[in-house]
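Shared between the two complexes below is chain A, which has chain B as its partner in the first and chain C in the second.
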Partner chain A sequence: MKFRTFAAFVGPSVFMMVVFIALPLISVFVQSFQVTQPVIERIEVETCSAGFLEQTCTTRVTTRPLLDENGQPQTTTEWVGLESYANLLQLDRVRNAIAAGVPERILQIDFWQALRFTLTFTLLTLPLVVGLGLAIALAVNNAARSIRGQVIFVSLLPFIITPVIGALSIRWLFYGDGIVTSWLEALMGTDISVAANGWAIEALMMFYRVWHVAPFAFVIFYAGLQTVNQDTLESAIIDGANRWERLKFVIVPHLMPLIVFIALIHLMDAYRAFEEVVGFSSQAQRITLQWLTYDLLQPDDAGNRSISRASASAMLTMIGIVIILLPPLRRTWRDHKGVS
Partner chain B sequence: MATSRALRQPASLRIGSAAFLTFWCLLAAFPLFWILVMSFKSPVDAFDASALAVIFGPRTIAEGKGLSVIDIAVGLVFLYFAVRLAFTRLPGLVWALTPPELAVLGWLIGCLAYAAVFVVLLFGVLPPVLGIIDSVAGPLGQPVLGMTTEHYRAVWVENGFYRNFINSMIVTGGVVTISLTVGTLAGYGLARSGSNLAFWLLIAALIFRALPHSVLVAGYLPVFINSAEILRPILGDAAPTLYGQPLAVIMVLVAINQPFTIWMLRSFFQSIPMELDEAARVDGCTHFQAFRRVIMPVMWPGVITTGLFSFLLGYNDFLVTSLLLDSQNQTMVPAIAGYFNRETTTTDQVEAIAAAVSITAPLFLLVMVFQRQIVSGLTAGAVKG
Partner chain C sequence: MRTTFALAATAILAGSAAQADCAIENEVEVKILAAAFEAWKAVTDAMAECGNVQAELDQQFRVKQPSAFAANPALYQVGGVSNGTITPLLNEGTIRPLDDLVEKYGQHLKPNQLIRIDGNIMAVAMMVNTFELAYRSDLFEEHGIEVPTDYDALIAAAEKLQGAEGIDYPLGAMTKSGWDLALDFVNLFQSSGKPLVNDDSTPNVNNETGIATLELMKTLSGFMDPEYLVSDSTYVQQQMQQSKIAMANMWASRAGAVDDETESQVVGKVETAMSPIAPFGDRPVATIWWDGIVIAKNIPDDEAEAAFRVAMEGMDTEMVQANNDAAVWLIDGYQPGRLAQGAIATATHDPAPLSYPSTVEMGLMHTALGNEVSAYLTGSRSAERTLEAVEQSYLTAAREAGVLN
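And then the complex of A and B:
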């Protein structure tokens, strides 16, 4: 294909990706070093109230935003260097906490709390997703052919459902007088309040994520199981391998590329966890990195959005993405160079 | 295929595997089944501590909203035939009545008309008819299962959820159409070109796929809010404020979805043999003609599958729509956040549940109709790569 035809085919897509992904990325990078504020002027206001002989007058100094000719508040944009990052990381508080010997105090800072939770969340759900997905795939492969369609249908439901709604549907089972909480209370004979307990919420969020992603892993593993080399399996049997050994030495190595693929996709997606915080309303106890950016972008009570701090938080989130993506990208690059 | 004795599994393993599978299916379906049940009950029943009370809803019956055995039987028969007709007769009718060029439009109108007739029959015609039958049927006419649709009425009619539904449809429809148009072109170009540039584009797309969406929205937000001033020098007074515009959100979602779309479509295009292109080229087609007249007709399965995933992205999105749309133009998923944030009474909570079920119902239908395409889409990228 000539370059011109190629460009004509790919052009619209590339144009959209540049305008809506690459440029915003650059602008976020620039914004994170800038602060845009309304220009504030200080004025003296004299208020007088009626009095006998003389009015009683008081003067106060107030601030108000300076308006331009259209009646819009004027804004200035300043370069502040790394100030937004410093606001977010609060390194002096971190240092104090370490010096005082109470590292837990670091987790009172939003960013570090979000980082701690996001990493725990990502790394703990990963083996669960792969394990559960593989277990379901093996079980379905074992089941009678006639029921496989229905099982796949039911399994797809948690995957296809709107993430916020999925999280909500589990929340309603547990929060308040939810049915599962009632069962647990009857079982243990104590009062349980899931919504008040940070660790319980954390466990629920992870449970939701595994419930939501395991079907995806299952479908891919199931497709992979159909291509397992039957001859290899047979020779393994002849060599006296039992079921467990066949699983460990034949089936899992065959599925290895798929396991890597799922692990990679899951790392990328779990690291961007966001809907869980909304669905479980966990912002008082547990927040994720992406939720932190989202929260900074929401207008506060005065209607201002802290764009620059949000940009800084977004850039810090990006560092994690780069770390996750480096190993697979390096491998792809080596493969590509090996081919050409 | 008969299994040899060496491969036959011991009973314990088979039972264990079946038990595990049953457990998983229950786990997968239970939360969804439960919110469906709760959404039809009066608030007291919906949050009862006893599961049986939630399912049968004694207090919902006491309020005079219950179904008798006859109602349930008639309702189930009606649902069965409604679903069967939808799968057997509807496609035939659509094919017969629409010219092939307008097939997509025909399907859209056919499905909407069918849904309208279905809703009118189920909620408008059946209840009064069954009410008369129940009153003369004696013991069989006594309500046994509490069921009320008041929460759905509250959500859809009184709270105007239909407006959010329309917004959702506009955004999702736009995302699917534009995504596929732009994506098929790019996917084809990338699949048929082995150049370094194509490789780098795909790698860049992979990196873009991993970006958290909030990173991008942080970039759009200031520009969108001030777009009227930024664009005024170019467009004059017609410069729009992009913030709150569904069209702007569509473009954003399309772009976010683009990396995934082109990867998936590329893998589908690669499974179409090159010889087909070459034959068309020998017959005097340009690249574009070959693409349109020869490749696209055999690409429909891949396009439908990719379209499904674009649909899911647009329909399920919370982050982008909640930040870039104001409350008048809100789509369904962010709108529901308003419900559970203000849930002060149990009635509010059950209304939130009814809204959640309303959002889930179309997705349920989608899996029912397109299960095979979804599975093939999930495996397309993975098994080859």
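And then the complex of A and C:
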């Protein structure tokens, strides 16, 4: 292809990527080393607030931002180096916790708590998604042709549902006097409170993620299964390989590139887990790194937002994704080089 | 859920048919952004009768409002705020003083309604909101329980009601982790009359009152649904309506729903009383809030004038008479109903509960409390260490916001 043609095709995409991905990323990177603050004045202000019958007026020293001649709050921006990262990681508290011999205290720091949960969540759901996806694909592949369409449709349903709605519907099944909880209570004769137990919420969040993502893995694997070499399979049967051996020595090696692909996508997505926290209101018990960034960005009633810490948190999340993606990426790279 | 409601409530009401009950004919387009609850719906509907009014009631209004008002021209002429959410508008100077407009069109307003900051009228309040103890009078009678006026009596009552027929748990509370839980802490703490943040912006939570507050919260949680950390005001309201709990300290604006025959199984069985007093304090466990309107600064004066006149029409006696039980109104013509008695008793107690402070620091403190307190309640951290964490988290945020060095 001529370079001009190539450029004309790729140009718009590169432009979009620069505007919507590269530039914001650079901006977040820079902001994570900066703190922008309003210039504050401290003045005594009398505030009269409504009561039921009469007002209460209080005079107290209030901090408020100075406004410039255009009526905009004046701000100063300072380079603070790694301070925002330090505020997020709180390494001194980590050291104290280790020195005091109670390492579990590390998990009381938001970032480490989020990292712990995000990693557990990502790594535990990965084999489940791959395994379940493969199992459904094999089941559908072996199902009678007449019901295959229906089975595929039903298997895909969880993937079609909007993520937050899916999370909410599972939440409603289990939280409070949800249907499933009521059944379990009737079955076991005890009172069950799912949302009161951190581990139960954690399990539910993982269950939701596997339920939601397994269909994606299934579709990919199912497509892969259609290209398995039938001659190899037949010769394996002639050689006396049983079902399990055929799966292990013929099908799985054939699907390996797809498994790596699913793993890559899933690691990336699961590490950015967010809607589970919102859907299951789990922030008292479990938070994820992405939710932490969101929470720092969310303005409070007084309009404060921690943009610097949110930027630092976003950068750390990105670094985390890169680290977690390294093993599968290296594998792909090795395979790629092996082929060429 | 919230979004759906907001969409449903985003009513575009214009046209001549609706102008019947409005004293003025409004020619200027007026837009209002406010919180989505019953009282705002009543006020904005009444405003819409003047014509050319577009109301947007949205639970996410507090996120939208600061930037919508900072735009030039502002995206809304009128904002519905409370004493918590007025802070960013005041600080960024995006709302205008209303003294001249009040002089011209607001002579009927009570002095109590005029929110003055630094001598200027910056908002006009229409209602107060606070907390009241809603309780099942039938169960209280059955078990021979007196209405508690302090938390020792409340705990004794909860003990008596533990396992009572017809309810699941004695107590309900707005303790959803985050904003709600933090407000619960603030209400309890301020029963002592002490501020959470000192005048020099340093935190004032890591002390005996803080410990006592946390311990009281934990004791109370023992009488609640074990899932109390996901319990927001709607959840408490439903628990009350469905006869799952016998009492709850709840928003006055929520109590009316227990008499809603389409939703409630306990119509007429719930009474309200003053929010009880904490053992370490002398004020009812509550903060006083007001809701009212502000007018944007970045709009032409004639638009501001029209917006103010329309707002006054929305906040008139006629509207109050038609929606008497939707809120504790500050407007003339309000007749407190049965379920507002508790809120009025709370607000008029001497000494009265403190108003929720409209300060930058309070916003930071509220966030810090919302993030840290639940770790104590789930048992993963002691009270002392939780308060240290609140203090740390506040200090970090305060330095970042520039209010502390």
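Note that the second predicted complex is superposed on the first by the 302 of 340 C-alpha atoms of A that agree within 3 Å, B and C clash if a C-alpha of one lies under 4 Å from a C-alpha of the other, contacts with A are read in each partner's own complex, and residues count from 1 in each chain.
One rule holds in what follows: contacts are C-beta pairs under 8 Å (C-beta built on N, C-alpha and C of every residue); 3 or more make two chains touch, one makes a residue touch a chain.
Everything numeric here is computed off the predicted structure, so don't read it as measured data.
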Can A:F249 be said to touch chain B (first), chain C (second), both, or neither?
neither
Using the superposition on chain A described above, determine whether A:V194 touches chain B (first), chain C (second), both, or neither.
second
Comparing chain B against chain C, which has contacts with more of the residues in chain A?
B
Going by the contact rule set out at the top, does A:Q108 touch chain B (first), chain C (second), both, or neither?
second
Going by the contact rule set out at the top, does A:R64 touch chain B (first), chain C (second), both, or neither?
second
Answer with first, second, both or neither: which of chain B and chain C does A:A50 touch in the superposed model?
second
Touching A:S281 in the superposition: chain B (first), chain C (second), both, neither?
both
Which holds for A:S306: it touches chain B only (first), chain C only (second), both, or neither?
second
The shared contact residues of chain A with chain B and chain C are 176, 281, 298
Can you list the residues on chain B that touch chain A in the complex?
6-7, 9, 13-14, 17-18, 20-21, 24-25, 27-32, 34-35, 38, 47-51, 54, 181-183, 185-186, 188-190, 192-193, 195-199, 201, 203-223, 251-252, 254-256, 258-259, 262, 287-288, 291, 312, 315-316, 318-319, 323, 333, 336-337, 340-341, 349, 352-353, 356, 359-360, 363-364, 366-368, 371, 374-375, 378-379, 382-383, 385
Along chain A, where are the residues that touch chain B in the complex?
1, 3, 5-6, 8-10, 12-14, 16-17, 19-28, 31, 36, 132, 135-136, 138-140, 142-143, 149, 151-158, 160-166, 168-170, 172-173, 176-179, 182-183, 211, 215-216, 219-220, 223-224, 227, 237, 243, 257-258, 261-262, 268, 271-272, 274-275, 278, 281, 289-290, 293-294, 297-298, 305, 307, 310-311, 314-315, 317-318, 321, 324-325, 329, 332, 336, 340
Touch list for chain A against partner chain C, complex
35, 37-40, 45-58, 60-65, 67, 71-73, 84, 87, 105, 107-108, 110, 175-176, 193-196, 198, 281, 283-285, 295, 298-304, 306, 308-309
Given the complex with chain A, which residues does chain C contribute to the contact?
62-63, 66, 83-85, 87-88, 90-94, 111-119, 125, 128, 176-178, 181, 199-201, 225-230, 235, 288, 290, 292, 297, 328, 330, 343-344, 347-348, 352, 355, 358-364, 366-367, 371, 374-375, 377-378, 380-381, 385, 389, 396-397, 400-403
